[in-house]
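Next up: the structures, one after another.
Shared between the two complexes below is chain A, which pairs with chain B and chain C, respectively.
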Partner chain A sequence: MTIRIASEFSRVPAGRMRTDGPFSGERFRDDFLIPALKRGDQVRIVFDGARGYGSSFLEEAFGGLVRQGLFPVNDLERRLEFISEDDPSIALEVKGYIKNEAVRSS
Partner chain B sequence: MKKLRPKVRKYAPVLAKMRMVRRLREALKRRERRRAKHPYYADCLHLPAPTHFSVSETRHRKNLLSFLRKLRTRIAVMRKPLRIDFRPTQRMVSCGTLLFVAELDRCIRSVAGRVRVSYQGPRDKIVAQVLQQVGITALLGSKRRQDGDSFDPTVRHWRFATGVHADATKFDELLGDFEGRIAPALSQSIFKGVTEAMTNCAQHAYHEPRRDGTNIRDERRWWMFSEEVEGNLHVAFCDLGMGIPRSLPKIDESAAPGWMGMLRDFLSSFKPTSQEAAMIKAAIEIGRSRTNQPHRGLGLNQIVETAKVRPGSRVLIMSNHGAYDLEPARLMTEQLVQFDDSIMGTLIQWSMPVQNKDERNGANDGDDPHR
Partner chain C sequence: MTESCVSSSVSWISNIAPLGSWALVIVGWAVVRRDNNRREERKEIKAIVDSAIERSERLQDLGRRYHVSPSSSENEQRAAQIRSDLKRLGTELQILHVATAGKISASKALIELRQRITGGSFDSAERQAVLDSDPLLSDIDDAVFELHRALTQKFASLPR
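So, the complex of A and B:
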């Protein structure tokens, strides 16, 4: 299953919590990411096409996924694939948030 | 018709002019008497605007902040009519203009049309165009509009936006004119910085009252400008909240053990007279927030990263009395400044060179660190 953030969620994602704004990391995680993980085995996240990604958005979407505790961390690392040709550093950044939260939570 | 005598003929133009001046003076006096009877004019305060709208230059900052204090008091506290006189104004810099627009917008929204605020137009043509371009004249109820296409090139690309959420849909409106003229990496970096600033505004800035004497119940609003001046793009963002120096120390020690000790250690290496400026640096370096969770508050360091993307870039963060100025190309890369007076909020300005045609055609790859 593939989620193209720019076309399916927003070209201008911003904010951490739902109360921050309409295209927040929390909303993306709860309304797009978690349902996709529940439906399919492999989930590809395509970051290309958006204006950019603030750290608050990415940390809440992906670090928050680990905090929620719905999926084991090694399961997430196996099932999530990140595609970012415009800015390859985004994939590294997201993996860093997942790993940091895993260490913090353990 | 009787012919005029030569002497009368010689002095007729002088006499006619004297009669005209007398009539004008009488008309002015009649107008003043009519106005004195009208309650609006009798009660209206005439407030001269500063000559320079700037908060980054010390000599102009004091005058502008004093003007803004009087503006707030008159509109939001005394709730009496005000007439702003822009005739002395010579120059409007983006940081000072943005702060003025934010204060004016906040005050006018708070009184919801119950206080009349008008203006006397400026003598300077460029200032008049700026006032229209950024919406100040519309805020002050003027319907008169010049055609924006006829504006000076330094004004034509000024853009303004305001909002109450971390909603970046207005980002394209602000920077649409610069599409293709700034490197994609730089555009992304500005976007990240701006959205982090919006998130900080939504989460932290208005957690406590502003303490400006107005008792306005703030709605977590932000204001933004973009402009191009002499080949440089300036993007400015501001909120009128409690400011970083007040927000930072309010972290719950029990949720983030050792945080206050870290902050105290950090601040101890700065002079007591530079503490607010040091707080801004601390917020960037230590990267914590007041939301009691160590994984949050990553934003300020992302805000300053933009200065490192392209040579010649600069980030200026002003919050309350303090200012943090980062310009990697400068000999003194980082400067901390503590001012006597407070802007009572946070203002962030990013400045970067806009690519010229030759750079766009030949050297784009060199600007993108990811290629």
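So, the complex of A and C:
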């Protein structure tokens, strides 16, 4: 399953919590990421096409996913694939949040 | 060596002598062409490095202004500009990475800069303006400096 953030969620994802705006990291995680992970095996996230990302959005969506504890970290690392051809540092940053949160929670 | 053998060697050398001078011309041309291409490539890479440095300085300024200002529509526009400039900076760094076959890579410095400017309460309804003396602002300056250092150092180490 593939989630293209720019076309399926928003071209301007911003903010950490729902209270920060309609396209926050919390909303992306809860309404898109978690349902996709529950439905399919592999989930591919395409970051290209949006007008940039803030770390607060990325951390809440992906670090927050680990904090929720719904999926084992090694399962997430195996099943999530990140595509960011315009700026590959986005994918690296997101993987870092998953790893950091796994270390913190262990 | 017989006389006929010597004379055939001399005639052979005199036959290929013009070819030798042509070969020298071709080799010389290839060397000059390679050097010119390398110089042009270096100029193009330098232009992208300069643009990335300029953009990071603009981000430093925007980031500082965003964090010291209270929430307002003007500051929301600043936040959007920051996200957009970070994206463009990321693309420029990716172009540098590809154009130099990985010799210029500054992903870590870019992630650090993005986290310093847009981490924590960035884009948050809860965000409070910080004072000019807040360590967050020095962290932004440090991250920009690190990015400049990574780019200029790696550019300087490219073959001339």
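Here is the rule we use: the second predicted complex is superposed on the first by the 106 of 106 C-alpha atoms of A that agree within 3 Å, B and C clash if a C-alpha of one lies under 4 Å from a C-alpha of the other, contacts with A are read in each partner's own complex, and residues count from 1 in each chain.
As a convention for this text, a residue touches a chain if its C-beta (ideal position, glycine included) is under 8 Å from a C-beta of that chain, and two chains touch if they have at least 3 such contacts.
Remember, it's a predicted structure, so these values are computed and weren't measured experimentally.
Placing chain B and chain C on a common chain A by superposition gives a clash between them. When the shared chain is aligned, chain B comes close enough to touch A:Pro22, but chain C does not.
In the overlay built on the shared chain, the residue A:Gly96 is in contact with chain C alone; chain B does not reach it. Contacts of A:Gly63 after superposition on the shared chain: chain B is touched, whereas chain C is not. Of the two partner chains placed by superposition, only chain B is touched by A:Arg104; chain C is not.
In the superposition on chain A, A:Lys38 contacts neither chain B nor chain C. Within the superposed three-chain model, A:Ser55 lies in touch with chain B and with chain C [touch as defined at top].
When the two complexes are overlaid on their common chain A, residue A:Pro88 makes contact with chain B and with chain C alike. Looking at the shared chain after the overlay, A:Arg78 reaches neither chain B nor chain C. Overlap of the chain B and chain C interfaces on chain A comprises residues 12, 14-17, 19-21, 51-57, 59, 86-89.
Partner chain C is touched in their complex by these residues of chain A: 12, 14-17, 19-21, 50-57, 59, 85-90, 92-93, 96.
Put simply, chain A touches chain B in their complex at residues 12-17, 19-24, 51-57, 59, 63, 86-89, 100-101, 104. Listed in rising order, the residues of chain B touching chain A in the complex are 165-169, 171-172, 184-185, 187-189, 191-192, 195-196, 198-199, 202-203, 294-296, 298-299, 302, 370. Residues 79-80, 82-87, 90-91, 93-94, 107, 110-111, 114-115, 117-126 of chain C are the ones touching chain A in the complex.
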